[in-house]
Amino acid sequence: MTKELRWSELADVKDELAARDWFPGTSGNLSIKVSNEPVTFLVSASGKDKRKRTEEDFLLVDEFGLPAEETALKPSAETDIHCEVYRYTDAGCCLHVHTIDNNIISEMYASEGSITFRGQELIKAFGIWEEDGEITVPIVENYADLKRLAEATASVIQPETKAVLIRNHGITVWGKNAFEAKKHLEAFEFLFSYHIKLKSLNLFQSVKKFSAKKIINF
Amino acid sequence: MTKELRWSELADVKDELAARDWFPGTSGNLSIKVSNEPVTFLVSASGKDKRKRTEEDFLLVDEFGLPAEETALKPSAETDIHCEVYRYTDAGCCLHVHTIDNNIISEMYASEGSITFRGQELIKAFGIWEEDGEITVPIVENYADLKRLAEATASVIQPETKAVLIRNHGITVWGKNAFEAKKHLEAFEFLFSYHIKLKSLNLFQSVKKFSAKKIINF
Amino acid sequence: MTKELRWSELADVKDELAARDWFPGTSGNLSIKVSNEPVTFLVSASGKDKRKRTEEDFLLVDEFGLPAEETALKPSAETDIHCEVYRYTDAGCCLHVHTIDNNIISEMYASEGSITFRGQELIKAFGIWEEDGEITVPIVENYADLKRLAEATASVIQPETKAVLIRNHGITVWGKNAFEAKKHLEAFEFLFSYHIKLKSLNLFQSVKKFSAKKIINF
Amino acid sequence: MTKELRWSELADVKDELAARDWFPGTSGNLSIKVSNEPVTFLVSASGKDKRKRTEEDFLLVDEFGLPAEETALKPSAETDIHCEVYRYTDAGCCLHVHTIDNNIISEMYASEGSITFRGQELIKAFGIWEEDGEITVPIVENYADLKRLAEATASVIQPETKAVLIRNHGITVWGKNAFEAKKHLEAFEFLFSYHIKLKSLNLFQSVKKFSAKKIINF
């Protein structure tokens, strides 16, 4: 029963993100935890059109990303990254999508290794309610070797981390369940798009002038 | 009966705005007045996914934002702002949404404390039909203390005010009913997006040159 | 029968344009010719939410824009513009919509009084198939006096004109039927958006360098 | 049977691309191969509204683009380009669409005659998995003479080519079947939009600074 419920939740999230065109060219993948002992989770099968909803969209895998049921399906080539997220966080659901803006941010701040947002109401979506709350997203290089990429991703996860950007390779974001993972994803995409648009207007200098009493770094 | 009718109107508006992704990360909230004596209104329950339409989306509250019916639901944390709008205006419906562009405008003109639009046909959406009609939106700082934020919002409402921007915290807009509130919201978002795009093209200087006979401030 | 068929065609166009949010804040209006002798056409009733499809969306008017049937509905305040289009062209359908980009173009080129497009494949949508084909859209000032505005619009219509831009007041575009009017509208919006984006990239100078053998003015 | 299956696949792709407004002003056309010996393929009939799904959307043609069945329909004026694609590649499906961004790219790099992308995860959508994988799209001038245009397109097709851009006349992209053709199209559109946005932020110089160890040309 749990598996069917989780499947349905994950398929709903997939439908919604697909409708936004957040899986261009069959990119991206999603997963949702089904059990904790042992760890099993549903993950995207390799290379499907995310616009369609079929019984072959996901398969059950174990903590090492190996099929935990008899199936002809192959787990997504990036399943290792999901494994690392479930190993190092209390995530119940993990989403990986490519958008123009998350790739732009990953490129803009690759040399800094992260981007930090402050002074934005949307930060509350991460459960951060203080006036000066901030959220940081680490950025890692994009290695073609997917084992190495999974390790690089794992290496930047801190207890408060909610997402990792891979340079020109989208965002991997999680939450304790599908609802929270999607909430985090939407909030990050909003912050990314806002940041880029403000940047394109060359408003960051004037912003400093506006806010003498507090340091704001959007 | 009135309550059911209002619920349905508000749910329709919510569906439409959600389809535009104007409630990113479960942000935003909506309300609609049900009775005047005593004042009661339906308001978003806290933390729901606005993409779904359920029987737990709204609850009835009184003029102080306290539940006016037996319910396990919690009113949105920002219900106080809706209370102030109903106290100081003749609004019948009040919408609060985050868009990239309303947040950009709130940041660009925060130091001025407001933005005024002139010379745009869309201003007629506010019932202003004169050739030189103009509409002003006050902008307030975003306080984490929601009581203080509600008071700051209330303090800038003038008789002709149709909306308030909170810095990096979206727009709160109202109308005498759901139809008018949505009309005002759409018109403001159009004016915001137009302004930002013209600004990004560095066209404001040349605009002045074009219009010798009248002063236009888009 | 003709009236019902035309109504249905116009309602279909309205639905499609409304889904693109091209009627922000209840702006915009549409019409379709029903008979030639005498001239009658269906036109948007005043102030409706274009997202809804109802039996009160349109009413039949005569060549002067006066109701040609018994009805409690009021024709759109801008019906005079439709009357002029039917008077001076062989249009069978006329669409008026506001988009960010058509308003930007109307402002950018208001002082020139028109904009001309060349060197774009989409120009074929206007039935212009030559390699050096071009299409010009006149731009008029936006007068609050709607009679004066209708006259100003009429005054710039040439035999080859397919649309008129009103400064910061959207586009009025027509075709011999609903299919062609929508085709023209889509093609113009594409040309407007392309032009603005190329402009924002400051590519017009380099464009000249690229095309030594022919003069291109996008 | 095969014809009906292919028709349905092509109609599904058309619906999805139409929903994204990638056929503005009835522009664009699609085809899918039905048989190899002799070569026959379904291709868009001329001048249809791509938003509607009808039994007259496509017709069967032979390798020369002539009707291979009795029909009153006319093949798209650009059918010759599809013929060339099937002649010089192993394509099973070919899509031609106009987007703002593919036209911008075709104009920006017309003088270079091509654009090459590197360092982007989305390049994997073309079956290129190496860390330094790259993909090149040739760009040809837009000739009004459609025979000449078809020849110009054919002349730049190399074994590894997946698409050709025609200057200010959209992209022609293919794959071994409808699924792959759409995957390629989505990936190219993503790369185009990303490139333009990064360019608009003037980030290409700083990009070079960021990546001392490898040469990246987005």
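Labels A, B, C and D are assigned to the chains in the order they are written; within every chain, residues are numbered from 1.
Following the convention adopted for this analysis, contacts are C-beta pairs under 8 Å (C-beta built on N, C-alpha and C of every residue); 3 or more make two chains touch, one makes a residue touch a chain.
Everything numeric here is computed off the predicted structure, so don't read it as measured data.
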item	value
Chains touching both chain A and chain D, listed by label	none
Rotation in the CA alignment of chain C with chain D, degrees, nearest 5	90
Centre-to-centre distance between chain C and chain B (centres being mean Cα positions), rounded to whole Å	30
Cα-centroid distance, chain A relative to chain C, in whole angstrom	43
Multi-partner residues of chain C (at least 2 other chains)	200
Chain contact graph, described as a line, ring, star, complete graph or other shape	ring
Interfacial residue positions of chain B with respect to chain C in the complex	16, 20, 119-122, 124-125, 129-131, 179, 182-184, 186-187, 189-190, 193-194, 197-198, 200-201, 203, 206-207, 209-211, 218
Sites on chain B touched by chain A in the complex	21, 24-27, 49, 51, 98, 100-101, 103-104, 107-108, 110-111, 142-145, 166, 168-170, 196, 199-200
